[in-house]
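Have a look at the structure below, then the notes.
Residue numbering begins at 1 within each chain, and the chains themselves are lettered A, B, C and D in the order written.
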Amino acid sequence: MRELKFSQALNEALHQEMERDEDVFVLGQDVGKMGGDFGVTKGLWKKYGDRRVIDTPLSEAAMLGLSNGAAFTGLRPVVEIMFADFITECFDQIVNNSAKAHYMFSGQLTAPIVLRTANGGGFRAAYHHSQNPEAWLMNIPGITVVAPTTPYEAKGLLISSIRSENPIVFFEHKMLYSTSGEVPEESYELELGKAKVKREGSDVTIIASMKMCEYALQAAEELAKDGISVEVIDPRTLVPFDKETIFDSIAKTNRVVVAYEAPKTGGYGAEIAGMLNDEMFEFLKAPVKRVASKDSPVAFSPKLEDYILPNYNEVLEGIKEVVEY
Amino acid sequence: MGLEINKLKQMYYDMNLIRRFEEKVDEHSKKGNIPGFIHLSIGQEAAQTGVMHVLTESDYKFPDHRSHGVCLLSGSPKKKVMAEIFAKKTGLCEGKGGSMHIADVEVGNMGNNAIEGSITATGLGTAYASKYRGEDNVTAVFMGDGTCGRGELHESMNMAASLKVPLVYVLVNNGYAISTKAEEAHSFPENLSDRAAGYDIPAEVVDGNDIEEVYNAMNRAVERARNGEGPSMVELLTYRWQGHFSGDPASYRPKDEVQKWKEEKCPIKNLRVKLENEGVASEKLDKLEEDASKEVEDMVEFALESPEPELEDAVKYIYAEPYESMKEGK
Amino acid sequence: MRELKFSQALNEALHQEMERDEDVFVLGQDVGKMGGDFGVTKGLWKKYGDRRVIDTPLSEAAMLGLSNGAAFTGLRPVVEIMFADFITECFDQIVNNSAKAHYMFSGQLTAPIVLRTANGGGFRAAYHHSQNPEAWLMNIPGITVVAPTTPYEAKGLLISSIRSENPIVFFEHKMLYSTSGEVPEESYELELGKAKVKREGSDVTIIASMKMCEYALQAAEELAKDGISVEVIDPRTLVPFDKETIFDSIAKTNRVVVAYEAPKTGGYGAEIAGMLNDEMFEFLKAPVKRVASKDSPVAFSPKLEDYILPNYNEVLEGIKEVVEY
Amino acid sequence: MGLEINKLKQMYYDMNLIRRFEEKVDEHSKKGNIPGFIHLSIGQEAAQTGVMHVLTESDYKFPDHRSHGVCLLSGSPKKKVMAEIFAKKTGLCEGKGGSMHIADVEVGNMGNNAIEGSITATGLGTAYASKYRGEDNVTAVFMGDGTCGRGELHESMNMAASLKVPLVYVLVNNGYAISTKAEEAHSFPENLSDRAAGYDIPAEVVDGNDIEEVYNAMNRAVERARNGEGPSMVELLTYRWQGHFSGDPASYRPKDEVQKWKEEKCPIKNLRVKLENEGVASEKLDKLEEDASKEVEDMVEFALESPEPELEDAVKYIYAEPYESMKEGK
């Protein structure tokens, strides 16, 4: 099958959805003429013009406000927040408007927005262009958080997100943009709220998404040589979490690692560990191991950044530790 | 431009309706029949009524926290507004929203948001949707003087003007944000709405207690919006008679200031004088007042008699499209 | 000893700190002439005037900006964000400025701000005046989150917070403002980062702060009648978490309940459960039970609100469940 | 007001220094010696130099993302600015900050924040601190045209004017926010800084490539601030020669536009012509240029030779006051 880059897969999803549905439009800084800071919106402006592709000013709050309001009337805005660190600028619109509108007005309207944003470290971009803020979004009932790992998922999940009636924060790890993979040409959806077993195994389960999922698969491959059978699960949707798939896996392996790139304390894996402790207590033969970033901001110096962020080796060692427990 | 007598009579009725409504809400809030805190707009009835007489049910309206009157005049079954404030299942949002979160999407009431000012940004979106679809409805967002401090308003004005969307900013300037006077915490040349000029947005300042002035200014703004000329701002100078919320003693205000507004600038009394001068019989106006009172009494009765929401409503509508993995038994 | 209300205890702390240290000043909406929405800043403006008590416009972002900048120069701003729901408006300043400034400029400056804010439900104030956003602040290294339960703690912890060099978010549960308790007249500090064992017990540990701590103490009293010995721990500082005190307790009781008012999933207790699973695995004889809010926004209707928020009975039953496991 | 020749010569040197500095940064960024992305200000040297010649080390300065020059002229050991950009331990922030987070508090460089616009709010605080303490230092915040979209700027202006703090908004208008022209995404009557009037803040628009105009406008603004007359805005019209970041081909801009600015409006060339007309010998000016080049070469050498931070630096300074419970062994 044809290969595409992650960013191209996203781009194709946008092209196909805008073609299919006149109600879909995109907005963001430099998404038009320039085609987006990471090239994800390339060609859209040329094809659809100012009406459906809006180059906005640096006004994250108003961009989300516009998206919410338009979505309330049935339009399907896809808004690009250039870096995930900037969701702090529109956090109110996400928390107090997108997430709650459907509920607080008792179902009278929906807020089908997709907020696309580039997260993650490794880009040597320091504090305000490197964060992994998924945990800030985990305690906000109503929000859906989606995080693809492969180009195939990027396309399918973005299409599903655009078609969903729920407000969605869609993370695009910036170190994945240039990775390649097979992507069907036709339009397709991938189910939201559903995790994917990416490699079957029987000794230990690792739950990891985005860049960490790449590490997990690599580590599984490596450990297979030592006879350790690792099951790799990519949640794909971080909120709400697909318990079923994970519980089935844990019931089999009884050992779990959760790998995520955000600071360890209070991060995404905290909830998974808490949930497993609560609902799978009898099945756990070892503590849920969390491989994550140090509890530190992301420093500029590459040497420090590499030390702060979780790396492949820590994933590998984490799995071993749990297996040997 | 003077308005027709019949229109003014309808407005007179509506203003009385709002006042009676607010008085009853105050009463039942104090009695404990209404939960939470309540922001009353007694004294500001002309600002609400004048604006709402220009807008239609197909226009998008974003009321703010002090907007019971806006909700009442949106075209909804009025008793459902009252029931909502009473937290009843028969309310517009089935009791889930309350005084600060009343929506009725069918008549273009897109709901308040108690984070002041955030609707100025949300309103951008409905206005953009009208333009996107080539429809001629407009969006009106309500905001107070204090709310002009919010950055979101400015982001909104910049984008609204740049995108030329049909949006009207209705600035209800009642002089205070809770205890803080506009001129104490804000800086502006003469009027808060002078800022609109910085975005190339036309603004008008009018006596918000003179219903004809309000109506006419709003009408011009809405016309501009419908004609594709983009956003406008209307600043309505008015005053709230009560404290910030029902029960607030408002000791931060000089008594004679309140007195003066009540005596000289009551929007209802002043319209009554005008109508009487135009030859409308005093009894006719009394009758309108009585009818308004009666209508409000009926609303209260309806609200009091209505049932509370069901417990199962508590977990309904969290996701518009629930996930397979969240379904029963999973 | 003399009794004060929670709000009065806070007020006394502010008076004493402003008296003691000329660098302390307060700002917020209506904190001046009116003395604050909940009366916490009463009398300050009269005594200290416009310079040290600023009535601000509705500009949460700029209020935090002002606080950060002033703190960078060594002043000690105490900024009131009227309701905790509004921290969404100044989230960037907290996350990307307060929390990181000391680190990213390599220790050249500090950001000793105190952001006081009223959190919590039960006030019939619905979506935007009822939230418990502590979990949004848990994955932001650099931030300290303080949450007093009693008037005594309110005063001591606020004084310590003002004197701390760290940026602090200080939660005041709005249903506690009118509770009373003994408060010394003199100025005193309570150690930040330190939990408090509020009742000793041997069968089960409950970790709970603010309003939930009141329920926990009540439940402990009740269960004592049935011969169940409950240890009650109030974290006082939610971030960073005092592991030592809690671990000592679990080593003894082997059973834990965490009670918090925010939505269960991704809430504060998720991290505690995850941490205990990880570091106290061998000691746990039952799953860490989380008693929390439904995963829902806080509805207006009192009937619905009471159903959504965790109540006393759920705390009681939660403890029993863990004991009987 | 014409400036003294000696001052202009110093400015000439400084502008050359910035240009050489940026050229070297560009070169080493492309070579891979500098990590991350880099925003260059070639073409904007007069705006930075003119402003910095007015400010002193006791003034608070908040550079933005395109502000290497501002950091260079703050009074810091200059090689430490370069070393910071190279992520070296000898940098001003020990390599932790990088191009977008350079601070040197000792000389009043309070550091950038790569969330554009947020320093306009933070600057309120240092300005308030000056007023609070009765000191006469001022705060200058830098921002681009695109950054004027941010709500925080407006919250800042409203509060700055209301509190009358000594704050100067330095709006470096280079016509573009990445690919987006100011007039495409913003709405304003004639100039972006016209908005300041809405807050009763005086604003001046000057040719940002004419160093004397920049200096004089900034000087007036700073004087007002020092005299307790409150905030001002200075809008400097300029142009960046490179793309948004080092490596950006900037294909969104017409080639002849770039060419025109380079040829007709080079701030360095124009000052050179002026100085020559004033009788300064060409050789003298050449010498200044060479010295500047030499100084930059030395900085690069220093940066290249400097060590990286230690691993233990990664977890240092997370809390200014670490907690007992976090100490070793606990």
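As a working rule, contacts are C-beta pairs under 8 Å (C-beta built on N, C-alpha and C of every residue); 3 or more make two chains touch, one makes a residue touch a chain.
In this text, all values refer to a predicted model and were calculated from it rather than measured experimentally.
When the C-beta contacts at A-D and at A-B are tallied, the pair with the greater total is A-B. With centres defined by CA atoms alone, the chain at the far end from subunit C is D.
For the pair subunit B and subunit C, the distance between C-alpha centroids works out to 35 Å.
Remark: subunit C and subunit D have CA centroids separated by 40 Å (rounded to whole angstrom).
Of all residues in subunit C, those touching 2 or more other chains are 56-57, 59, 61-62, 85-86, 88-89, 92, 96, 103-104, 126-128, 141-142, 240-241, 295-297, 299-300, listed in ascending order. Contact of a single residue of subunit D with at least two other chains is seen at positions 93, 96-97, 101, 113, 115, 148-152, 155, 158-159, 162, 184-186, 313, 318.
Residues 60, 93-94, 96-97, 101, 103-106, 110-111, 113, 115, 118, 120-129, 132, 139, 151-152, 155-156, 158-159, 162-163, 313, 316-321, 323-326, 330 of subunit D are the ones touching subunit C in the complex. Touching subunit C in their complex are the following residues of subunit A: 85-86, 88-89, 91-92, 94-96, 99-100, 103-104, 126-128, 133, 135-136, 138-142, 239-241, 262-263, 265-267, 269-279, 281, 284, 286-290, 295-297, 299-300. Contacts from subunit B toward subunit D in the complex involve residues 148-155, 157-159, 161-162, 184-189, 194-201.
Within the complex, the subunit B residues that touch subunit C are 35-37, 87, 93, 95-98, 100-101, 113-117, 146-151, 177-180, 184-186, 252, 308-309, 311, 313-315, 318. Listed in rising order, the residues of subunit C touching subunit D in the complex are 25, 51, 54, 56-57, 59, 61-75, 77, 92-93, 96-97, 101-112, 141-142, 144, 164-166, 191-194, 237, 240-245.
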